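If you scroll down you'll find the structure; I have some questions about it.
The letters A, B, C and D name the chains in turn, as written, and every chain counts its residues from 1.
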Amino acid sequence: MELRYELVCKRFGAADALIDLDLHAPDGCFLVMLGPSGCGKTTALRLLAGLDDPTSGRMFIGPRDVTPLQPRERDIAMVFQSYALYPHKTVAENIEYPLRIRRLTQTDRQERVAQVAKMLNIDAYLERYPRQLSGGQRQRVALARAIVRQPQAFLMDEPLSNLDAQLRFQMRAELKRLQKSLAVTTVYVTHDQLEAMTMADLIAVLSNGRLQQLATPAEIYARPANLFVASFCGSPPMNLLHGTVTNGHFQRAEGTFPIDNGPASELVLGFRPEHAQITMRGAPDSFAGEIYVVEPLGSETLVSVKVGADRVNVRVWSDFQGQIGDHCGVRPDASRTVLFEKDSGQLIKGSTSGSSKQPGTGGVRESA
Amino acid sequence: MAHKEEDVKSESILSRQLSRRSVLKAGLAGAAGLSVAPFLDACSTFSSSSSSGSTNKIVIGTFQDNAMVPFRDVFVKRFQSETGIKVQYNETNYDAWYQNSKNDGLHKTGAYDIYVMDDNWVPEFAAGKVIQSLDKLGFKVNPDILANGLNQGYWPPKTGAKMKAFANAQPELYAIVIIDDVEILYYNKQYFDGAPKTWDDIAQAAQSKSKPPSLYGWSARGVKGNPIVQTYLPLLNSYGGNFVNQDWSPGFAGPEGVAALERLFSFIPYMPSGSAEFDTDQEVQVLLQGQCMALTEYTGLTHQVDDPAASKVSGQINMAATPSQEKSGPAIGTFICGIASGAPNPQGAKKFLEWFTSSPVQIDFAKTNGSAAVTGSALTDKTISSQYRWLPAIADAVNNSVAKPHTPDEPKFEDILGTRLNEALVQALSKKSGYRSIASQKLTQAANEITAYLKQQGGYF
Amino acid sequence: MKRRSRRALIYLALVAAQVFALFPFWWMITTSLKHQVEIFGGLEFLPQAPTLDNFAALFDRYNFGPFLANSLLVVAFSVAGSLLLGTPAAYALTKLPTESWLQRQALIVVLLVRMLPAILLVIPFYLVLANYGLLNTRLGLILVYTGLNTGFVIWLMQSFLAEIPRDIEEAALVDGDSRLSALRRIVLPLAAPGLAATAIFSVINIYNDFLIALTMTSTPDAQTIPVGVSTLIGKIQIQWGPMAAAGVVGALPIIVFALIVQRHFVRGLTLGAVK
Amino acid sequence: MVTAGAARPRPRRRRAAFIAGPHVLLVPAAIALAAVSVYPLAYGIVASLRQYRYGLDMGFAGADNYLNVLQDATFLTALGTTAKYVVLCVLIETLLGLGLALLVNRQLVGTGLWRIGIILPMTVAPVVVGVMWRLIYASDIGIADPVLGLLGVHGVHVLGGESSAFLGVVLLDVWEWTPLMFLILLAGLQTIPQEPLEAAVMDGASALRVFFDHVLPMLRPVLFVAIVLRTIDALGTFDQVYVLTRGGPGVSTQLFSIYAYNTAFLFTQEGRAMAMVVLLLAAVLVLAGIAIRLVRLGPGTR
């Protein structure tokens, strides 16, 4: 089912938790709501679930206006951050619970529980209680309980945040596969941009109760709608340099960089760490800097360069030889830069081509 | 880390419920099912209380007291079998009963037909219309009843000080005495040549013969409130003092009252040292254990003195009217019955009381353990007296008895006097000297407090 | 060595505390088993000729059968009633925004109710019950106790219910429960230990009440055990033996109860007071 | 933006039960609570302004009852006695309870067993507690006097002397309610995290310092609740003392509740008794307000 928020607002006392949320997720879509804590993403999810009531606005699941409906009437399933398993029920009873409420016959229930348990590899634990399970197993039980319903939508509130890194990686993939195979529209809330980028069909970035951008991961990555999205998505995030524009050039004390157009006089230049090169100091179209730290990541190396008061991250090959304190230059890949208006923070010019994940070719051309 | 810890905690809190879930379910279901029951129960209570309104049942309420045992066990039953009127008899704690009966009558709840009362409740119960006028009910008084006992039932009182509002009202009978309880002297005859007549006689015997703690010369109730007042009143009366004078001024702070209290204190060397916390039971115990020569006590004790199960000196205790000094002064404290103003069956109640106070029944009452009957014929019957040697002493005491002040505020009088007397006794027991000044100081204090209270209350001066 | 002697001291102190706590029970029990003469006969830590006469007297003469029955009935229904009233209210309080005005005021009010002295309560209650013909009925007592205990239930249950993670209840809502069925099927079962603890304290509070029962009842039709015990302290006489026996009979059900549910008892205090 | 407000779709009036639900559940309990508190309180205040005689309402009395009560030395004495009683009991019970809780709050053999024994007194009806201690204190059959004799104190009858009776009543209260303090404080101690204490020990603090610098501040909220609850209950003490001493000897153990009870039910001065209650409640509320303020303002609170 497609999901739609229509000018939804939520106010808690004097505080606005959500302002005019307007978004649409097509049927079968994996929508991730992404943002820092307090941005309103969980509020948005709870409103859709019916656990809280909007101050104004409407929400649709498919053609139905669900705003006036109770949670149980919305035909959705939710996975909670804490999993919210019923501690006094066995795994089987937990999974079976939504079906029992819907008064399915016992054979039907057993069949579906068995099927889902098998799908999620928890059929061995059906008679255990939640407290006897590991975190990953509980997570699967929570998923199973959501899936068994065959609801019109899944709502997931940071379901992976309580797992350790290894497990999270594994579950991320499984979850994505599961969603694709079930083809049920899913709203997934997280503050982890990596999860968002890897799993989402569509990402809705929220900040301070407002929707910042709704786009595909690639679009978000390549053309963040504003400075917030740019600095929130990607790890490390997009490099942002403040400067002025004169004569088709972006200018800073450390150097200049040619740009296509410059309607405003004060701009922010943005580029991804993999879309830049470390050059010798003084190389053309580069900004002069000094190596702040070098972090080898194995397959590649991340170099942090101090450019004036700012720091710029650059991904280079792992054979990079520079040392902390070395003088160098940073040259963005002209085709991949974006510009933001300084005052509004809005994107004013997209980069001309899609992103390439290749680390920039780099090397030290000069050492002090 | 924080997450994890929280998880563990909530897990442990939530993990134990399982076994209890079924219990809870059953419990809730049971509670729901049973919640109908008290309503049914209440309905049945209603119906039973309404049936008490029928003419063949009366409900008697009373406080628990040994003197009531023959009344309860013999005469209530006999009345039932003779008349076919069912009698429900409820006894409870003294204070509770005072409160309950007053509430019941004030609000005409109708739980009772007859209240068994202490005689000093009569003014308040009559003035507050807790009980109804027996005269108006047409109650036929047996002329054989001793006047001093009978007079306790009148409001306004026939004798003594009257409150202004009631000064000119015609006394009406509101309650009828059923047991002529009065304080009499109990003495162990092996230490006395005949009954001691005066306090001096007892003091002399105590001085010469007592050997505390194996043998005390005297024993007394010293607990604050009513008990110590009961100990003090026979002394006060016999020394010629009044609780209150005709003009409502306290009569115990004068020289007579002080002398009376000083006399009590003079027994301290021959009294159990715990007397300040003694109530009847402890006071009497030394007598029954053979460790005490004499004491004053109400007539209920007569049921115990010859009972080998309770007494080590059965047969050795004799009785007489309380000693005199300036004059004779036993204190009267009758059991007296009123008919509740909301009584469902006042005629049945009247019938019972007339029956019980009739001369033949009173003679049988006296024959039952030598109970303190209220009629002259019963108390002075030679054949009964030969079996129950204390009956003449009771008659004698009643005829010479002095009543407490007749006012609804009497409990406050007793509380004030009883508190200060108790304080005086505690002081005297610990100092063992300076009795006169202790007595004088505390009695004056009590008198001042009572006067102040009467002024606050109004209606006295 | 030092450690060991310190430990010994600790145990010694604990033993002393136990002796202090338990001796009055022992003394009451032995007194209840003595004959009248023996009670006054001197100090005996053990009855020389144990007798059950005092107990027999309680039931033969002093109506302890009905007292006991009244107590049990009144306690059962009052506790059930106040739980039924108080638990939903406590639940509602936990649903209010945390630290909200209403929530704080409600709890303060509950405390204030607890502060009202019984003397203030008994006269008005008496009048109301008299008005409806409920004096001296078990139903009357049940109504009064239910009302008085409701505040206590709210106070305790509120802290228990607040401990139940909100997620679990919301999961039930999303899974298809209504508020009410989620409360019944998920929240209450999880709050069962709290419910048990609250019930225990309510039982103790109500079973032990004296002044209200004393005023509202006047016959064994409705009088409860503590009133029955006080009956034995007469105006001029204390029936020491039966009184001790009455103390034993009065204390026994609640002690047995406390021992059985000891664990909940402690948990109830823990949560109720510590939270 | 200006028009957005008007154009914005409003949620329909919806799910009334769901939204109002929790508040609706408060209503029955609120009614019950009002019935047992507002009504009696209102009744009490009205009654305190009326004159009663022989149990009958004789009409409006203005402030007479209050004036009379304030001039009543016995009442003022009773208030003083109550204050002394409450302070002494709560103080001793808190200290003893805390001490016991500290003793038990460690690995001991049979912790549960110690606990059972200690909590028994608080389960027993106060009336029965009065009976128990009367059996102990009674000068002729009790055990207190001989025990005191063994300790070299002869001729003292606990209930026969003013100060000894007062202490006797306090001891009874301590016996009955120290368990409550003990249990609450033990529970409080068990919620204190061990790490800061261990850190303090590593920093070289002595056991006493750890207790005063760390344990006590962390225990403070629990301690506060426990003391408040106990104080409220101690103020209302009636049953035990009523059974044990009736307020005697003299007025040494005549607590407020006993005097007010006597005034209402024995002396039939309902209006005056209600005036006493109202005065006490007012005083307690003022004191409680001050106490809460002090605690709020005090250092080290969150």
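As a convention for this text, contacts are C-beta pairs under 8 Å (C-beta built on N, C-alpha and C of every residue); 3 or more make two chains touch, one makes a residue touch a chain.
Keep in mind that what you see is a predicted model, and the values were worked out from it rather than measured.
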Chain of greatest Cα-centre distance to chain B: A
Selected pair, greater C-beta contact count between B-D and C-D: C-D
Approximate Å spacing (C-alpha centroids) for the pair chain A, chain B: 88
Distance from the mean Cα position of chain D to that of chain C, given in whole angstrom: 16
Rounded Å distance between chain A and chain D, as computed from the means of their C-alpha atoms: 56
Mean-CA-position distance for chain D and chain B (Å): 34
Set of chain B residues in contact with two or more other chains: 14, 17, 21, 95, 99, 285
Where chain C touches two or more other chains at once, by residue number: 40, 127, 165, 189-190, 230, 233, 238, 240
Contacts with two or more other chains, residues of chain D listed in rising order: 18, 138, 140
Residue ranges of chain D in contact with chain C within the complex: 17-18, 21-26, 28-30, 32-33, 35-37, 39-41, 43-44, 47, 100, 103-104, 108, 112, 114-121, 123-129, 131-136, 138, 140-141, 143, 146, 175, 179-180, 183-184, 187-188, 190-191, 222, 225-226, 228-229, 232, 235-236, 238-239, 243, 257, 260-261, 264, 270, 273-274, 277, 280-281, 284
For the chain C and chain B complex, residues of the former touching the latter: 36-37, 40, 73, 76-77, 80-81, 83-84, 126-127, 130, 133-140, 142, 163-165, 188-190, 192-193, 195-196, 214-215, 217-223, 227, 230-238, 240
Touch list for chain D against partner chain B, complex: 53-56, 68, 73-74, 138-140, 145, 155, 157, 159-162, 165, 246-251, 262, 265-268
Chain B to chain D touching residues, read off their complex: 95, 98-99, 102, 106, 124, 127-130, 222-225, 272-278, 282, 285-286, 408-409, 411-412, 415, 419-420, 422-423, 425-426, 429-430, 449, 456-457
Chain C residues touching chain A - in the complex, by the definition given at the top: 97, 165, 167-168, 170-178, 181, 186, 189-190
